[in-house]
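Encoded as structure tokens, the structure appears first; notes follow it.
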Amino acid sequence: MASERYEKGMDVLKEFNLVDQHHPEGHMDIGAGFKDLAPDLEDFVVEFAFGDIYGREGIDPKQKVLVTMASLVAQGIPQIEMHVKTGIKVGLTPEEIVGAIIHILPYAGFPKVLNGLKAVQKVFNEQGITVKTK
Amino acid sequence: MASERYEKGMDVLKEFNLVDQHHPEGHMDIGAGFKDLAPDLEDFVVEFAFGDIYGREGIDPKQKVLVTMASLVAQGIPQIEMHVKTGIKVGLTPEEIVGAIIHILPYAGFPKVLNGLKAVQKVFNEQGITVKTK
Amino acid sequence: MASERYEKGMDVLKEFNLVDQHHPEGHMDIGAGFKDLAPDLEDFVVEFAFGDIYGREGIDPKQKVLVTMASLVAQGIPQIEMHVKTGIKVGLTPEEIVGAIIHILPYAGFPKVLNGLKAVQKVFNEQGITVKTK
Amino acid sequence: MASERYEKGMDVLKEFNLVDQHHPEGHMDIGAGFKDLAPDLEDFVVEFAFGDIYGREGIDPKQKVLVTMASLVAQGIPQIEMHVKTGIKVGLTPEEIVGAIIHILPYAGFPKVLNGLKAVQKVFNEQGITVKTK
Amino acid sequence: MASERYEKGMDVLKEFNLVDQHHPEGHMDIGAGFKDLAPDLEDFVVEFAFGDIYGREGIDPKQKVLVTMASLVAQGIPQIEMHVKTGIKVGLTPEEIVGAIIHILPYAGFPKVLNGLKAVQKVFNEQGITVKTK
Amino acid sequence: MASERYEKGMDVLKEFNLVDQHHPEGHMDIGAGFKDLAPDLEDFVVEFAFGDIYGREGIDPKQKVLVTMASLVAQGIPQIEMHVKTGIKVGLTPEEIVGAIIHILPYAGFPKVLNGLKAVQKVFNEQGITVKTK
């Protein structure tokens, strides 16, 4: 039986419209993908990352995704496809997603930003999303 | 005579209500502080960081400050006092500022987040700002 | 009333002999120090970091502290005093603590290692701990 | 003729049961792979990394591998396959290897840890290693 | 019509003999590759990175490329193929390119340096460049 | 009795005119400062960092110092005072030192560069060094 905290995390996943992105039971693929190594990892993702942190008040879902993408790109972790998709689901415009990544330029330099934009470009191409440019 | 690009950067500084934070001519302290080493550094800050990047459309001023703070904290650069102050000026609530830093926890861990919160705490204490907590 | 998860985290803190290092109720100073900004931060530290992660099986307390110190030093975060003290409490020898930091040399270079050793040196000096050297 | 230091490094490679993993003369693949660019690089690996550092007293071979893996994963360098294999050779259990990587979560966040676990998973799958989970 | 700053950046690209590496109009591939997401990104690359920074006095072209490669490798960004090629064009010897990367060893450790050398090796192999070794 | 390798490292220290910066026996302060924790650390500094790496052919002393400073600043390690002093000793001009740090801007962003420049400024002020600016 799922714990209360797990349920709370699942509620957040539903609020972020993320359950269908994962498997029917709502497990994060990312967590479920390591069931052989550490079955509790999925709980940490659902309970801590989603229940505690994404479920926290203070900033709204769009801001949460912007902060997430910025944190990763600035660290040189370009694997933000999942977060770009989440951003679209919670209502970020393509211009906001691109604008946030480019805003990192003075703070972390071109190479990390360009690597981040490649991930954005991949998702936008897959989903047929276009950016309004002047 | 200031270039057109420099003027554009200065306009952005005014829009962000940052001119008074710097010296009357609107020079960034951060840039002006290195006039002896590199007088052009101030131009890069005003023209590129402010004119080009902060002046760019896509995300709004509040989002720009959130992305800035997240980029720095996630890199382990805790010197965000200036950006916390800018955030307050452009209308971020104390809860949003704290919420953004805490949201970085699953992406960069506790030590970087706690170092970032220390900088927030310092500015809030100086300015008598309190966070609404339950 | 403290949640079951919070209680589990507190049990781990006791197992690591860390409660007296914090205030009587066992709150992490690190968490309690941010009560004005985010009272829930302490819960995240106690429940997630201690209850979930330090309370996890797999590696023993000494290994946990070694991994913690290595993670921080390698990232260029030299604030490991607290973890050096924890290491001593759970039975790491001074030689193991120094040996672990020095072992990072080929993987992260001299500057990060020397910064880490400064923190070790500070704690050892405060506690009158000497390292057996040939 | 090999130097005394080189011999010492080779002895450590034997102690870590690593010679057969490399070519018969005991050269590190990693070093030998760059013979065209810098033949001395192999000496630095054998003499400094193995002779000086792995050959150093203070922590035991299992601890050395744990510290190595933690240093790399925390820096966002997920290429730890070689070290996972070394860990198994020196007697780390699968649970210890997984436990050490997961212990990094509060200190460096999920993305780096998940990237590290992918490398662990790859080696365990190749070698038919299973993790005991409750 | 291109701005004066854009022209200056293009002049620098010509000085670095980089225009043919990019497309005939002299656009950076790196910038042009993101025209769909952010057409202004190319301007930032040409105007800021090339016009302002590469066009700056103080260090000569060879030193600029060495500093560039060192900055990237030390951050764990191994995508330096483009800069290795630029280095060759501005007159760096193969020994200087390899020597610079290896010099980073004590400051950032083996893994980042080895990843950087792989990129060097790839370019040297493609261009039939050999390193003089003793 | 000092080993042959130690002697080689000491020769390099003399070539870099660094012995007087350290104590008469030529020990690195940086190494000697940790004699209580790890007396062999000094050997690693002298033998590996100086004998092997600084003593290596390929790039000249000025290039070595530029690469060193770039590696550190790009990692967000601003403790480059010692290297700025070494740079001056081996003949780097003030303009080259400043130019190298500023060249890192597009690759690692403003905050790391500004932190590096503060260290440069400190040394230049102490030594009464002025930068020629237009």
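As written, the chains take the letters A, B, C, D, E and F, and residue 1 is the first residue of each chain.
Throughout what follows, a contact is a pair of C-beta atoms (placed from the backbone, for glycine too) under 8 Å apart; a residue touches a chain by one contact, two chains touch by 3 or more.
For clarity, every value in this text was computed on a predicted model and none was experimentally measured.
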Problem set entry | Distance in touch steps, counted as few as possible, from subunit A out to subunit D | 1
Problem set entry | Given subunit B and subunit C, the chains that contact each of them | A, D, E, F
For this session: If we define chain centres by averaging CA atoms, which chain lands farthest from subunit F? Would you check?
Result: A
Seminar exercise, completed: Here subunit C maps onto subunit D under a C-alpha rotation whose angle in degrees, rounded to the nearest 5, is 180
For this session: Would you kindly say which chain has the C-alpha centre located farthest from the C-alpha centre of subunit E?
Result: C
For this session: Tell me, please, which of B-E, B-C or C-D gives a repeat of the A-D interface, judged by over half of the contact pairs matching in residue number.
Result: B-C
Exercise. Do subunit D and subunit F face each other with the same patch, meaning over half of the contact numbers show up on both, or with different patches?
Worked result: same
For this session: Write down the chain pair with more C-beta contact pairs when C-E is set against E-F.
Result: E-F
For this session: Please compute the C-alpha centroid of subunit D, do the same for subunit E, then give the distance between them in whole Å.
Result: 32
Exercise. When the C-alpha atoms of subunit A and subunit C are each averaged to a single point, how far apart are the two points in Å?
Worked result: 29
For this session: Could you tell me which residues belong to subunit D and also touch two or more other chains?
Result: 44, 48-49, 56, 72, 75-76, 98, 102, 105-108, 110-111
Exercise. Touch graph across the chains, line, ring, star, complete or other?
Worked result: complete
Seminar exercise, completed: subunit A partner, complex, touching residues on subunit F are 105-111
Exercise. Which residues of subunit D touch subunit A in the complex?
Worked result: 76, 98, 102, 105, 110-112, 114-115, 117, 120-121, 124, 130-131, 133-134
Exercise. Considering the complex alone, what residue numbers of subunit D touch subunit E?
Worked result: 30, 34, 36-39, 41, 44-45, 49, 72, 75-77, 79
Seminar exercise, completed: Counting only contacts in the complex, subunit B reaches subunit A at residues 48-49, 53-54, 56-59, 63-64, 66-68, 70-75, 95-96, 98-100, 102-108
Seminar exercise, completed: Listed in rising order, the residues of subunit C that touch subunit A in the complex are 5, 40, 43-44, 47-48, 52-53, 56
